[in-house]
């Protein structure tokens, strides 16, 4: 028939199985290192698809307790698909990456948001809340997510890769390991010679490190020994967890090695600004569609010390919001005054929001998960009014089934049950 | 004629002259204290107008050098209009304030943005830039601002009060002074027994303090001696400098004293998230229109530790943006790794944006002023990926007369001159 | 003081008194004619203000019956401020007009929306509803309008001139009068030799015509005799009643006479797409702020047969909407099938919306007025699916105090009273 | 592994092959009739997928001439997937349909927009342009469409079903056939006893009619003989071609037969308001994801004469626009004055926009196709200013690779080639 001619699916260049542990699959890696060879190569202008496992590599299940979160092996996380070499890219160039689409697998229309244990992952409020593992499973129905663990909300996803970046050069890698090592040492010293919990940063660690390729032993050993951990975002992009780097956005990456060697993973169906519960996005396995181009000498042309991007024209539009403020005083804790600390201010804004959500019936765990996963926006309001930075958190009203606005008669407290907690019942 | 009947202007309850120094006018005050009596009283439901001087109280002129900024007397700043008592408000209530409109005076259709000297005011990059005084005068043409000192841009204002809050109780005031005093002491100790420059916080200071009312001597003395300084935002609102608290928004304040005693000032025609150059908004004198209502017991009903608000449905819509990232590593400085510090991350995002603007021809001073004043948005991207917080800064493309997008051929560098600098030429 | 220097209000070039009948004031005119001399002249680049009476010229009062609407003298309407000559503009040029601001008078913070009598003005549903005079008075509180006659809603204005245009050339004027005369004749013939009610168009009419200038008798007589009526929009702009031509927009007009001779009036605080009740916007007297520039030969450069414009970046953002459909079948009437008639389709969409609003408790008159005045959006969905055009009407949910969404349990019908009706009680 | 448990793809209830002619596949039908039995049945609350052929049923190819458009068999169009019975739905109920997602087939990442011949399909300007077949092929790259036939633009899709509706009752069907028959007769009479070309409406026609089910002969014969044609939208929804009925929207349909019997087809990747070239959307084959619920008695509860809907929160956000006006005078033709005819006004706005696009280098055919396919918005500005309705057309600037704004120096005319035309070269 007429339509069959010239109909070609965009090629899938890296295939994974979301139901198999990441460390049993090829085309994945979970450390950053310049010596990891590309597993595929593309020409500028091609549209192609890359499949990704979820950030834990199939450790978390669609069930109603959080034991899997409690027991997750964090040395094995962030198995990235790649590297993908782009023909012609050289150090100093700018790699333009169009994130054309990000979708879950048809066969796995669900994801999860987790609160991690204080001793195993932590999260923004790990200490304040003495965090115990908890989670919410989210069902994907087209553009929407809903959760049996957090009833009363439904929202459109702003799907994006939590983690995407080019490979570092050897020099850049050395810089990372050096500066993060210094931070670790500094905090160990401050903590009486003991590494604090949760850790402030993670050094290279061969245990759990993985490169799903055939490699000479010495190369593999070097990578495992030196490879940077994947938790933080860095100059190359990495785990920036920016919700607006969503499908439809165009990102400009600095190139540090020949071929650029792009890797991607940790797909999110949705996320709130801050991703506060650590595994705060709606984590999913899925498929990302890319095309690329190269701007020669782009690093110099655009003063590109870090990626810049054009956000997607397609973004959920929840214009009505209730906004909470926070300043750099630990109002919810010991009342200490901090010096222009936006992180403290963010935390207060979040705690104010959680307190409000508890008034309408959500448990603290549900509220913590919801603010991490829903399209909540957090702005830096002001950062010059010494000693108080001011940060806001905007709760989109359109995601709630009920009207949650402040009313003269007060708020209606409903029973929303509880999210998935540990099988021993500890929260 | 038919139209004259029942036509009544909304009453102006506090009048000021924007051309006369604030400390020569009545109905103003520049410290927070529970004993400052209200100068006017309103009933819930009334619509009324309040006039405000600019935040320096007529110290800055519409001219082409920045000597007035260099010499500004900062002990006299933030002269607020008020307090305004709302009948029936009692501690524990929630005062609902509708910010119905915020406009400049017809006779003063201009404002300014300033970079303050390292030794006199500072600003986010006071140390990095060894800041010298600079400024931009902005002309208001209806909804738009333009500047002869920063050509090539025009944007719609998101007019708002930088400073609005209820009066503190004596207990709350004592808490503020105590915690900020501790911070000052801590940083003095860290700095070898000398107060750091710029100061981390400002203690109560009778010099320059002002209450434009007839008061018994002992009351005045108490206020001047104990009154909290106005620079930081606090639990009552205060100088939060949130650009989205703009005309059309509805704000819910906790009430700490009988009558609530609302004060307002520091009007902004526009501001970028962060207000980074300290006097970063487009500062103006002008008129704010309010109405109020009271929710009895609202503090408890809404878990109200700080104000919350509903933003205005009217907001400039610049959907196309170029977004810059920053992480908590001082990439533009010594490369030091910080621990999940969103303030450092904000600064890197801002410095990346400034570097880009310099590529298209703006001076560093112009770029610094522009990002402070224009409707730039800064989101907390992620705040859990240890050790790097990630903060973004979004530059609205629609405010530029020229296309500033990254192009394969690089960026076109234009000559935009320079902003207003000191008459001695030092920048 | 520092701030007084170089502070100059934008000049007001045409002043009117909104409380005095238009035909007793200078600088106004209510017909379009090339021979009306400009009353002021401006240079490109200047910012200036123009005051305008309301469209009836002070005939409608702030009261609670609609007798003034019933009795309005429509020969005297649309007294426009102007003409304003722009130095250097010549036929064939494009006159660029920045509509910088549109505000009510401080002393008259109210406006009105009216349903006009079938025999005196009509309106979209004049025949269907056998319209009797009704009205709603709207109070302006900063950016918002509310009405004691239509309780339960509050919305931000999208203020704009309903009527703005350049003067026609003699040739263009002749074309208008000829083609509209032919239409009048055609419908008179179709109606058995009697002019239909309401009229399909209005020919030149000296009665009520007004030019508030000293003019030679022959010139005045010519203008009164030939001048085009102001009801319809035409090639020069005119009474287009486009709500998005709001403050902040930039409009490109074709120039037909030397100086362009811009006139403006019929200011609206708000309006829904379609302005269906005829006097459907929130009509107000007020002040418009302009600046202009000229593009030589712009008519040819831009193929400019009619004005084009860039809408304002500032627009009320009510993203949540309930949308009603209409097709070109008179479903609410006799069921007749029309041939791709978007006007019929618009009417059905409107009638469907009115029926819904009646279910929640508004009277038909209130619903008709509300849809005319609130920022309702009407899109042409499809106009090729013979025989049915499809037009939609989108009701912004954020303007309602109550949740009006369809619910399983049905809609809650409240008592919203009635709008202002005739003193004889006839509706 | 953990992730495999409880992972179930949403079921696909109707499968089609987009490469096989529609009339060779089951589960499709191309007429509306109450006696077409449902091919599947669903329970309220289930999420399920339905596959759809393109609206021509595989007649148009991905190639570079328009002969297939010229020769298309329009008796065979609009093969809909369904009917889908919803358990429990009865006449008078409201069927709530969540359109959760709309995507192309992976194996067919392209679509088309066509100008149809005056004698075979027509379109809004069929007569004005003496339309010859032309088309543009669009490539789908994730959320974006681009076309080799209309270079210089790229836009995000607002994917939606052009055609979706519940089955009519016998009474409703009779009403349709009667009123449309009357229109056909009326226009035949007006046209001297000859059916006009293009036709104003299409009567039932057994030729080409198709029901892809096993049916008793008499039932099939009745359906083919009486079944309403699918071109127009009607009270049940149908071919409304509303671009905002996109993925993420929720639609409320009146139910006319037991089970509601929903059918869907004619998927669009994108469309402009009006869909002016007839086959104006980006037509595609693809997959739609639904869930449903029932509101008993909803027709009465919501005064539901036609569908109403809540648009998706996810919508491409192109806030910068250039807007063209049109009034009900045939300015681009013979200058005739029409009486408040929004269809004529729409056409003028469109012709003004086309003229502008020609100034920047697009051919008339390209412009016609682009305005039909891109997310262009058309508002009814005013519909009461006799005799001129005013309709606007807003061109989103963000879809163009180049700046197309009016400039003092005029517009830059580029060479964009031509769209796909007939192999005989006739345009």
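Order as written gives the chain letters A, B, C and D; numbering starts at 1 within each chain.
Rule of thumb we're sticking to: a contact is a pair of C-beta atoms (placed from the backbone, for glycine too) under 8 Å apart; a residue touches a chain by one contact, two chains touch by 3 or more.
What you are looking at is a predicted structure, and each value in this text was computed from that prediction instead of being measured.
J.: Looking at chain pairs C-D and A-C, which one is connected by more C-beta pairs in contact?
T.: Taking the two pairs in turn, the one with more contacts turns out to be C-D.
J.: Averaging over Cα atoms per chain, report the distance between chain A and chain C in Å.
T.: Measuring from centre to centre gives 50 Å for this pair.
J.: What whole-number Å value describes the gap between the mean CA coordinates of chain C and chain D?
T.: Going by mean C-alpha positions, chain C sits 32 Å from chain D.
J.: Among all residues of chain D, which ones touch two or more of the remaining chains?
T.: 313, 317-320, 398
J.: Based on which chains are in contact, what kind of graph results: line, ring, star, complete or other?
T.: complete
J.: If we count contacts the way the header does, which residues on chain C are in touch with chain D in the complex?
T.: Interface residues on the chain C side: 94, 96, 122-124, 175, 179-180, 182-183, 187, 198-202, 231-235, 239-244, 252, 273-278, 280, 293, 295-298, 301-303, 305-311, 313, 319-327, 329, 331-332, 335-343, 345-346, 348, 352, 355-356, 358-359, 377-392, 394, 405-406, 408, 410-411.
J.: Once bound in the complex, which stretches of chain B touch chain C?
T.: Result: residues 1-10, 18-21, 47, 54, 58-63, 68, 98-101, 106-110, 141-144, 155-156, 247-248, 285, 289, 291, 312-318, 398 of chain B touch chain C.
J.: In the complex formed with chain B, which residues of chain D make contact?
T.: Per the touch definition, chain D meets chain B at residues 317-320, 398, 403.
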